[in-house]
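The structure appears right after this line, and notes come after that.
Just so it is clear, A, B, C, D and E label the chains in written order, and each chain counts residues from 1 on its own.
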Amino acid sequence: MFKIEPDRSQYPAHNPDGSCDIDLSSGKYVKIWHGPNHPGITGNMSLELTICGDEVVEGRTRVGYLHRGFEKLMERRTFIQVFPIVCRVCVPEPDLNEYCYAAAIEELAGIEVPDYANWMRTLILEMGRFNSYMMYLGGQSGSLGMGVIGQWTTYVRDLMLDRFEELTGARVYHMFILPGGVRDVLPDGFAARMEETLKTAERYLDDVDKVMFQNAVFNKRTRGVGYIDPALFDSYGVTGPTARAGGATTDVRRDAPYLKYDELDFEPVTGTDSDIWARADVRRRDTRLSIDLIRQILVKMQKPGEYFAKIPNVLHWKIPYGETYIRGESSRGEYGYYLVTDGTGYPRRINVRGPSYTHAMALLERLIVNTNISDVGALMVSLHTYPPEIER
Amino acid sequence: MRDVLSPFTAWKHLFREPVTVLDPLNDRPGADRYRGFHQNDLEKCIGCGTCEVICQNAAIDMVPVSDPEDGDSGLRPMIDYGRCCWCALCVDVCMTGSLTMSNDYVWADANPDVFRFTPGVDPKPWNEEEKGYQRPGARVLASTERVHMGERTAKDRIDNFEEIVAGYTREEAMIEADRCVECGLCVATCPAHMDIPDYIKAIREQDYDKGLQLLYQTNPFSEVCGRVCTHNCETACAARHDGDPIAIRWLKRHITDEVPYERYVDLIGKPEAATGRKVAIVGSGPAGLTTAYDLARMGHKVVVYEARKSPGGMPRYGIPEYRLPYDMLDRDIDVIRAMGVEIVCNTRIGEDITMETLRADNDAVVLSIGLHLGRSTRIPGAESPDVDTAVPLLRKITDGEEVPVPEKLVVIGGGNVAMDIARSMARLQQVKHGKVGVTVTALESFDHFLADADEVRESREEGIEIFDARGPQEIVTFKSGKRKGRVKGLRTWLCDSIFDDQGRFNPHYDESDELVHPADMVIEAIGQAADVSILGKDLTEALEWTRGRIRVDVDGQTSEPWLWSAGDCVNGPDVVHAVADGHRVAQSINAMLAAKEEAAT
Amino acid sequence: MSKAKALSKMTTVGEVLEAAAEFDREAHSFYTDLIPRISKNIRYLVEDLARDELRHIRMLSKLAKNPEVAAHMQDEIKRPQADRKFTDAAHAPELGDNPDDQEVLLYALAREQIAIEEYSELAENTEPGLLHDTFQFLANEERKHKADLEALYYEIVHTAAAPLRHNRQH
Amino acid sequence: MKDEKYTPLPRRPIGLDREELKKRTVTAPDGQTFEVDPIRDYYCQDAPKAHQRSYIKIVEDFFNWCRAESLWILGYGTGCGAIEMRPLMTPRFDAYRYGIQWRPTPRQANLLMISGYLSVKTLKRAIRSYEQMQNPKYVVGLGSCTINGGMYWDSYNTIKKLDEYLPVDLYIAGCMPRPEALLAGFEDLKKIIKAGGGEGANKYAENFEWYKANQKSVIKDWDMPDYNW
Amino acid sequence: MRALYDRLKDRFQLGELTRQRPDLGFVTVGRDHLRALLVELKDVEGFTHLVLFTAVDWLEDGQFQLTYLLNNRATAQDLGVRLMIPREGASMDTIHDLWPTAETYQRELYEMFGIDFPGSPRVDEDFILEGWTDLPPNRRDFDTKEYSEATFAERAGRESHDPRDHMKQKLYPDGE
């Protein structure tokens, strides 16, 4: 592949300390707002861009439009009452919130979850990951003007939502993983219908490969753009597919297997180029991995068994002092819940560590400098950020 | 070149079948377990409000729909869809399983104030919808199983009168107390309106001192009630609809077990300053002593007159020691004594002292004489010397008097008294003959049985045979010979239904199903009556009666301004009812005395 | 002269009803006489019984005057009641000077039983028709009354069943 | 337990408008200096006016039919519910066949979907978007949050009753409402509009003071003109 | 984890190690040693990944607990470093030079807890809230329900009954 980028590193002139002087009144620079009400932004967030011509010289991520004060609200809810609201932290992939919260509670309260429930949880997490990637693929192509791919992936995602609906009883916020287990067993004939959905998904993914990844426009606009130096990964807390696209092998599912991931056969998907294309490619292959994992899970899941552990009466459930951190691999990267309990019936503190928090803030602000304004959308989407998990 | 051409493969979708849902409004009902709008089975719902408590969105209000009754507050949940998040925790926690969700999900309106409704009451299109989210399986958000109460085995207990149940350990009590959802439905059902959710909470918080104080606020017979209370509260318990009711009685007992007895009086506190008013109480059962306790705490001078050797009334003379050890009863009575109550035993009204004297010497008199006469069936043969009623027999056993212990005996009756006498006699039989030979025949079938299920189970464990739905027809006696007139057995018919469709008593017999239960002795335990003869003819005439009982107003006052009556003799047999009665009467007397005081000054 | 014999000579419904009322009047005066002899606490029972007899008398005389009497009876005859009662096993007592509540009830129940038997017998011995219906009706009336007394007996004597009754209310 | 000892840390507010919206003196190329007050100069000062109905009923009905059959939604996802709008734009649910489509800017849209909860910060932007939309315009509130606060009823950062701040023409229950429910809601909205309802914009104009007062009572950082056209 | 703790314990005067899981531990450190410890962990011990950085409000003790959760990617181990600072005039040294991403965390803590990080870039800029004037919302003495009720209008007409009180009122109003 070829690189067509001019060297933008000296424009505008940098001071020796790396900063640059931007004088808005000089008329050379224009400040524009990219969002929150803007077709090229993911969710309800905004970028405050200072541009010179079509070059971005400074970018600031502005968030808070979706701030509901989750961490405060959780502090005044009992442990079971927190359960319905955790999933709202991340709209496209809510299940990981439910899992992390449930697992944190179970660890501090010393509850052993039945095996079958763990399989169910694994299944749901993979289904959620698949959905999230479908959103991403649509968004990434959409950010480059390829609307039809979004139509396909949203349709495939909707098929998966149908599976979610029959399994969990809801489309988007499933609220299925309760502390202690899961709500129910698989419905009859679920595996067959799931297989059908997966087959359809694969067919559409083949089309996506051809239309998106083998598309000259897409290739030219993403190769070499939005490069993240792997040396920056730790400084900027880069995790998940974004890091794997740069050669890192970090994947919580493999590094610190939770639920049933140690019984599943898979290798983390990695890339090399660490640019937008590589990130899209990793996610595309990770989607196929998810499909594979769902198949594996449905095969390995035993017959329906106990799916809920014995828990104390939730109305006055108290958990002794303790703190813990539960992490899981989301479609965006490392997701985690930090939970502190103090012996009362309410959590002392819950802190949600969403990958977007690091990706969309400090990292994006750094990457965005010296890009072309028309690439901003694609760059932002390639970090796969969901604003609600930044501000919660 | 490939990269330029391959995107054109997208055109092939032109020839695929469209994925469009033709009529999305009707073609796509929610999935079978979809969580849509709420439904509520009003008949099943008991208005316990647990859904309201668990709702983290404050979306549920309990609104009055019908009149409250035992175990049903008459409230029903009203759901605000300006709050609901469809998490279905309310469905999961629902104590009866009445609250469910339909799979309907379309509701749009221009008026924001309409998104609020009471499922099951307000007509909604989804009310009859059968699909939707229902709790799979049992309740999981709180345990449905009662913590097993440790008890001695049948083998260990059959030859003695030692207490059977062990009482909960702290750990067990914590687990059991944890099951309570604090709905408070039980409080209205408890005649004494004990603060049940509060003292259960005290157990959860391991604050036994507070628990004991709560107990004594409403019930000075906590040791007794903790063991032998009829625990109507447990029949009102929300947990019983899907699982076992909370063991409220055992938890009460657990509090009394955990607090050292020496601390009781300190915790309860001292009575108020003496008022100089005097009250006499006839009968030292729970009603009388509760009245005495309350009045003494209000500072009045109280003397209780008891005909028998020891105070306690029915708990002592009607309840066998294996259910209620006399020490425990004494502990309760000693607390009452510590409040300054004087108890005069061996004093029978009408013989040792008359009602007139009491009236003259006191500001008020309370009659709480209980039901100490046994009822007989008066079927043929009932006059045989081998036929006795349960109450006097139990009294004799308590007092250690000699009672006849034949090898084979039959008890008529299906209530707890029948079980008490059957099991007491079984113990005596075991001691005397080395085996148990007791048969219980009850008119009621096991569907409508009177005695507690525990009593039935334990009786059977102890080798007692129980025949349900048997109507006694004749006590068969020897018609001739050396044993002429002595009991040979009991002849019964099957009673195949006891109530008619309207629930009215209307027994029907199957005469073809006749049994003769062989026995040397028949004990009748069908009912009890009050011994009102002690009142004397004049007082009997002066008093107003209602259906055979002394007429009292809501405060327990009789038609005579100086006389109150409380307990079983006015309300029928129930220990905690008697306690409640005692409180009421004490309040009423205190009000009267206060009015008197005011008039005097 | 037994009740049955007296009644069997009647030929019209009006006469039968009048005669039946006469028997009830007798019973009424019996209970009324009993009232002062009985202890006050259970006097209500006898008073109730006397009142019931009075109600019966009134009903019969009203019925006798009613031209649509036949239609009325048809309605009432359709509901046969179980006539074997659990108190039947008990002795019908001789009411002494100082009867207790159980004795009074048993006495009243025994009276009812006799009345039921007599009317039933008469009904059997008459041809189907208005007269037959009348006896059948009277027997049923007595059965209903007896059933009420049975329930009362269960309530008063079988006090152990109090909680059961309590629960049945719901 | 309130800790009174807290002294607020200094905060530096940000926003597109801070510097730009301040009054300043500008020198024109011809050397003339004049004062610029962006809020006065760039924005409309007049409160909105209620839209007059046509005098002839049949004409008005025709207008209403046209309005109802071309609901153009502003593509602004204010909250969770936005994720269920996306399937509507795809062939599966194909809202376009009902005359519904999504527009990127307020100028081209006549239907504002408030898709769930509104944080105070978003409320400010939603108001601005709404005011920039052209008449006739409609507001639809999705889910519990717009009706009575939803599951964020006790949050310090989300409003509870949307109709306090914007005139709402229709609410759709759900958390969040499914695409099918949205379609049903749109059908209802069409019926309302065809029946001559959907007068939210007029209501907003008529009760302008009241709405502004409500808006200003929760948006502490009021740095926008009172009316944005 | 234990070996690591033993290595560092005396040098940085660490508090007791809480081993929550085999791969997760928490230690308490004094303010003076914090930076040195973080540098040591990051550069020498391989804890290169700052997983999260947040605060816990122990209002009753008048202290904030700052939690720096570090991850060692190679050994897949997590170490939470706890630090207690007084609530009053809460202020802490910035670590944005160790992890640039900490800048965001510090902005959040500044805004949501009122903890100052002098020297941290743009720390005083509005982050999530806009025009906030009340107590920092994540402090435990800030009552969100009270604030919400006072600020945002609620739909009228809601009224609920407690089953116990309702039954008392209906069935035995005099408290018999």
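Methods note: a residue touches a chain if its C-beta (ideal position, glycine included) is under 8 Å from a C-beta of that chain, and two chains touch if they have at least 3 such contacts.
It should be emphasised that the depicted structure is a prediction, and the values quoted were computed from it without experimental measurement.
Of all chains in the assembly, those touching subunit A and also subunit B are D, E.
Common neighbours of subunit A and subunit C (chains touching each): B.
Using CA-based centroids throughout, the chain positioned farthest away from subunit E is C. Among the other chains, C has the CA centre that is most remote from the centre of subunit A.
Taking the mean of each chain's C-alpha atoms, the chain whose centre lies closest to the overall C-alpha mean is B. With each centre defined as the average position of its C-alpha atoms, the distance from subunit C to subunit E rounds to 84 Å.
Centre to centre, using the average C-alpha position, subunit B and subunit E are separated by 50 Å.
Centre-to-centre, using mean CA coordinates, subunit B is 60 Å away from subunit D. For this pair, subunit A with subunit E, the centres built from the Cα atoms lie 23 Å apart. For subunit B, the set of residues that touch two or more other chains comprises 19, 56-57, 80, 82, 85-86, 112. Looking at subunit A, residues 64, 67, 69, 72-73, 76, 84-85, 155, 173 sit in touch with two or more other chains.
Taken together, the chains touch in the following pairs: A-B, A-D, A-E, B-C, B-D, B-E, D-E. Residue ranges on subunit E touching subunit D, taken from their complex, read 59-60, 87-89, 110-111, 114, 116, 122, 124-126, 128-137, 139-142, 144-145, 147-149, 151-155. Contact residues of subunit D toward subunit B in the complex are 91-94, 141, 144, 146-151, 153-154, 161-163, 168-175, 177-181, 183-185, 187-189, 192, 197.
Within the complex formed with subunit A, the subunit E residues making contact are 18, 20-21, 23-24, 26, 48-52, 54, 56-57, 65, 67, 69, 73, 76, 78, 80, 99-101, 103-104, 112, 126-130, 137-138, 140, 142, 144-145. Listing the residues of subunit D that touch subunit E in their complex gives 1-3, 5-15, 120-121, 124, 147-149, 153-161, 164, 214, 217-222.
Chain contact summary for the complex, subunit A toward subunit D: residues 24, 31, 33, 36-39, 43-44, 48, 60, 62, 64-69, 72-73, 76, 84-85, 88, 91-92, 150-151, 154-155, 157-158, 161, 171-173, 388.
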